[in-house]
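Please read the structure below before turning to the comments.
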């Protein structure tokens, strides 16, 4: 029991550092596949602590990465990162979208435990008014259009604190710990490439967490038996032919008519009795001028399903609609898979164990087991891979008061919750290693 | 000049008979390809007058007939016609959709002049209130769902009066007259089959007329230099797959979603700078029950264009939309051409001539030449065929006060106008034969 | 234990009679609110057995009946029923849509147990080929367009057998039994009116069953902890203005454009995280002619939701879409609620009890408790009313091999299952009355 | 006849200067309401020549200007113009969207003749490859996203040459000439504001021209009796409510569903028998992220009609559709009129006169009178105002070989045609002043 106490105190002692880390990541928010500065700082820290560190092409398998920005954007971001303090040689390794870091600590016989911390920001313009704490306290994002509006800045900070504590206590540990700092979780683009590299093949237990809004409740840890949604993210481009809309409208091929038809019909895909489904055409950008028949329309859409089958039903139907809508107006179309996740749920025993650890070992208050699920998680690839090889997984929420909804420009969270998350990660690791 | 006067008096003397004929046709209204009683009475009358009479398969070429009702309907109508006084052997010849009559009068050397009188009713339920004169005066249609709401009953009566007068004056005539009592003008289904039989191949002049609303003006004859619209009539059937809408919605293939998508996109076919276009999905019947995914949707649509090209543009686009809409929802579709007309306009000289004949020979008041065109006319096949072989055509309106819009259940017209129409047909014939 | 054995033997002995009853009801299928012959025969039978019998206006509260056919239809059906052997005075009482029968048996102190048997047919044209047993065996529906394609003929036969057995064993019973032969279950139109009359206010236990497809499994009784879907059935009429589609299209107000827009958008109502939803526009009938701008479009639609809130969300959104679609094209619309059901689930204890009764007392094989739910049930009004007043409800499936899907023209079921259903109803009643 | 010859020679002599002017305007292309440098240079030149010059608020009436850019954009453009050689004090006067110049030359008794030269560029990114002459010859636009792709650079150059010649010959003139260098013709935004200022109230004749593609024909001047289309340009913003598309889709209000519904229905507005119509939704920009219910959609659309009534029919219907589409999905909408033009045609006598002047006085080859019309022209406001007060108008095409379609990134024209245009403007002026 001694080790749990020691660890709890260390976690508390690290609270100011975590806040500092979190705010630094927040200030220099980097979106998916562009986490160059972030990755370089994490790698440097892990190396400094004594971890075996994997970076660059050793983290994500090249061709399994989804939804990569254009090369020119990646290069711009690399330069920007250097200006903002990215450290070498790590930054260079993260160039061209090879972000993400894995730190490994081997402590003899025992289970292999992987912990996932995602590190990317979102494409959101952050609020700059004084009402928004990051603005007021001077840690608002300096990268316009990139914002940690989903708490991954906190996740990264948690990961670094966990790394520090586990290293300090390494002599007591029995087994191997892999700390996976995952890139490009937003848009569910990065996890598949980590799995493809084989990093999960020898893992016995996977632990992952996400910030969650405590909504006025006193609970510190959220646990759910529900399943997250499988999802596919598609980018669609309709290409038609421009023509003067007043003079020769019949000579155009109207990509916007195709797109509008697709939008309505996509949302009208029949519900399925096989499980919950979702569809959203999130963005549509079409046309070059008011008096020109629209010759190009680009849309970003996503489908989801309670399970892989329901998601496949949606994706197949969506592809058929898009192709028919294009054909209807003499247009062509191009459909690109930009991201994907499977459905995922925590193992029953892991949920029970976590609940017990929180209460008995850590003095934390877990919420009653819920069956809610909600969104989609890139983590599904990691967890499902671990399961395939006989391992088990746990996904828990780090509950904390939040300002503004997730993904909104006013999102912020109470940083005191970071400590509890560190304690759960470490406590679970001890338990799974059989340390009392 | 004598013959014009004689003819005028005869036409006036026939007015009560024309009214009687018109009301008889109105009472026993028969829609396209079902004009069995109508055809038999016309044939009997023409034969009685001494005309060379063509009926049955000698009028319309079998396979060129468009939009034929089902065989069973034709047979029902045949039986109905017999009960309502159709006369043999003419009725028998009109069986199976071989309606229509041609009467020929040969008077030596001279031009061949064809006159077209269409004889079919519409699929309209006639008004039965006392406010509607046919109901009040006891000549409302006894065939529910068939109504002379477009004045073809008057056209047939005009044709019979013309037949009688020309026969009486045959010794003065120089040339050949063909009186074509055409079936199935509504839906533009019959004329093509008459042309296909070759009846227009030797014609020098074609004369045709349609009732028109005088709208409070004193004019008796309307003349237009405008062009009627080319048109194509399509029947579309979407076939999907039924499924319980609550239990297994994902197993259906929804023919109504396909049809609704088609309806919106059909009406959204881009306008053309090549000329006026029209599109209408007039009817849609879909589905078998509220809680069943719709497995069949049937629609009647039409496209039009100011010229053949504009109409073809519309038809091609419409077919593409229908096929893509079906594919979009995993349905099949079936597209059937039910009727078609070309665009048509009167020859300039014929318009001038008619205007002069009206004023100088007949004492009738022609309206100023208009450039309006409006609807589509099956007559276009006849006129365009005559033109192809070097002939000329005239299409004029017989103006008269009307109650209710054309094609409405309250349509009726002032029968005194029939006399003027007879005079124009005969007067034009005299003139074209060179009779002063 | 003696009474269970006695009852089981009586049920088996009644099997041929049940088959006869079921086939008679099947042959003279009557759809919702038109079950005049059916009701009259049931009433006569119950009266003959000695039941206190409620019919006519004593069963359904007049103004709470939903989705009533037109008066003229009801009268036609009444005449038809008389010709087909409806018996007086019961038929007269069922006139004007006052169908349904309640039989009451009072046996002293004890719980009030209601059993629901629905008796209406569907608007389906029955298969007439020899491949379909009802056709082959001579009990196919003689009422074209009405067919027992959902097994309610069996439900009615079960109810009569239960009535006979309970009456025979009345001296052993302790409490009151209400046998509710409910009209108009299809379209969820009738139950609300029975509740509105107060018949459920004093009920302690409600028992109801529906035929279910055993799908090759050996189970005889299906039990589910799932919830049926709440639903609302709406009839919508769009009214526009007709105009000639070629001549003056701009003067029309196109009801079909409004309807097509509504169809697509209705199916595109966003999914809800509050629970499963459903939407179906099952039928659409629009327009009067190909070349006329459509002036009227009538559609039948339904929405569903896993719970009352989800259903209300769908209904509210649907109404808004319909109104906006009408306004968009200058049309008016009329929305009529034709039927409604709440969501419903069996009480946990009743499911457990039924499972035990089947196994221990009746020697029947219940399927493992499922969580499936699927469709909607009018019975929800009855069950939820019973619950409101502190009672409990059980809804079970009578499993049997079926030919063709439910609601299809080829639906039929194996009648030997009827016996098991009778045993479950009676066995549950004994148990709830505390009879060992 | 002497003056015509003199003028012709002067026009030819000015050809190199016109080319230079044209290329300068092309290189520093400025779009509507931002023609600050352009206006300042024109004003300076006219003043230098001795014209009475109106600029700034004296040209366009403030509140009648349509489709003004945001204030910040105007200010940016002002600064940009200064950097690119705009001259004071004229530039200052053109600040805040008060562009455009009028030069007046009064020569005693005689008619008031206005000539319109539009000066604005389009929002097109110019081709930069060597295949495009402006790029090759070094006069491609330096203002990215602004390009003279419609020939208004040529129009401005013509106007300056006309100004120079008329001033030289002023002693021969009898009447007043107003040279109107109009801003913001693209998007039909500027003319209305010039009319609103009263500048056309005293005008007897209006002359205007546009470059036209000679398409391999030898004609130099195009004349049409056809009517341009009336038009309205609308910007629409739909505002809904964002929500996470996976977690709480039912809490969003989807602005993209509203917009897609509007797009389809806008294009489906029924054709009109009152005259040709057009509709185009040229651009649509919607949504902020793939997994967020779209909360804002902005579209640019235009309607057109052969006459003011047909255009009003389209605009009214379009507004109704937009409002209903918003209401359908619980969104609000905002509709802004960004530009408008009436329909316009040249006076018959002016066309005849121009044809004669070209042939007899100028030795130019006019094309046969066409009846084509095509697009819309802001000039309609000027011409219709002149007509209202009893004056007459002429709109002619300056025919020349063109590369690439109008409004395309590769548009260019043969500058030798500018000379002919100058000759027509001057020649017509002489004639209208009665100078032989």
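Labels A, B, C and D are assigned to the chains in the order they are written; within every chain, residues are numbered from 1.
Basically, a residue touches a chain if its C-beta (ideal position, glycine included) is under 8 Å from a C-beta of that chain, and two chains touch if they have at least 3 such contacts.
None of the values given here were measured: they were computed from a predicted structure.
Trainee: Counting C-beta pairs in contact, which chain pair has more, A-D or C-D?
Mentor: A-D
Trainee: Suppose chain centres are the mean of their C-alpha atoms. Which chain sits farthest from chain C?
Mentor: With centres defined by C-alpha atoms, farthest from chain C sits D.
Trainee: Per the centroid of Cα atoms for each chain, what is the distance between chain C and chain D, given in Å?
Mentor: Taking the average C-alpha coordinate of chain C and of chain D, the gap between them is 68 Å.
Trainee: Just give me the whole-number Å value for how far the CA centre of chain A lies from that of chain D.
Mentor: Those two chain centres are 51 Å apart.
Trainee: Where does chain A touch two or more other chains at once, residue-wise?
Mentor: Within chain A, residues 247, 249, 254, 257, 261, 264-265, 267-268, 270-271, 273, 278, 293, 374 contact more than one other chain.
Trainee: Along chain A, where are the residues that touch chain C in the complex?
Mentor: Within the complex, chain A contacts chain C at residues 264-265, 267-268, 270-271, 273, 276-279, 374.
Trainee: Which chain D residues qualify as touching chain A in the complex?
Mentor: 122-124, 187, 229, 231, 233, 242, 244-247, 249, 254, 256-257, 259-261, 263-264, 267, 278, 280-294, 297, 300-302, 304, 338, 374-376, 405-407
Trainee: Along chain D, where are the residues that touch chain C in the complex?
Mentor: 247-250, 252, 254, 257, 261, 264-265, 268, 270-274, 293, 313, 320-321, 323-325, 327-330
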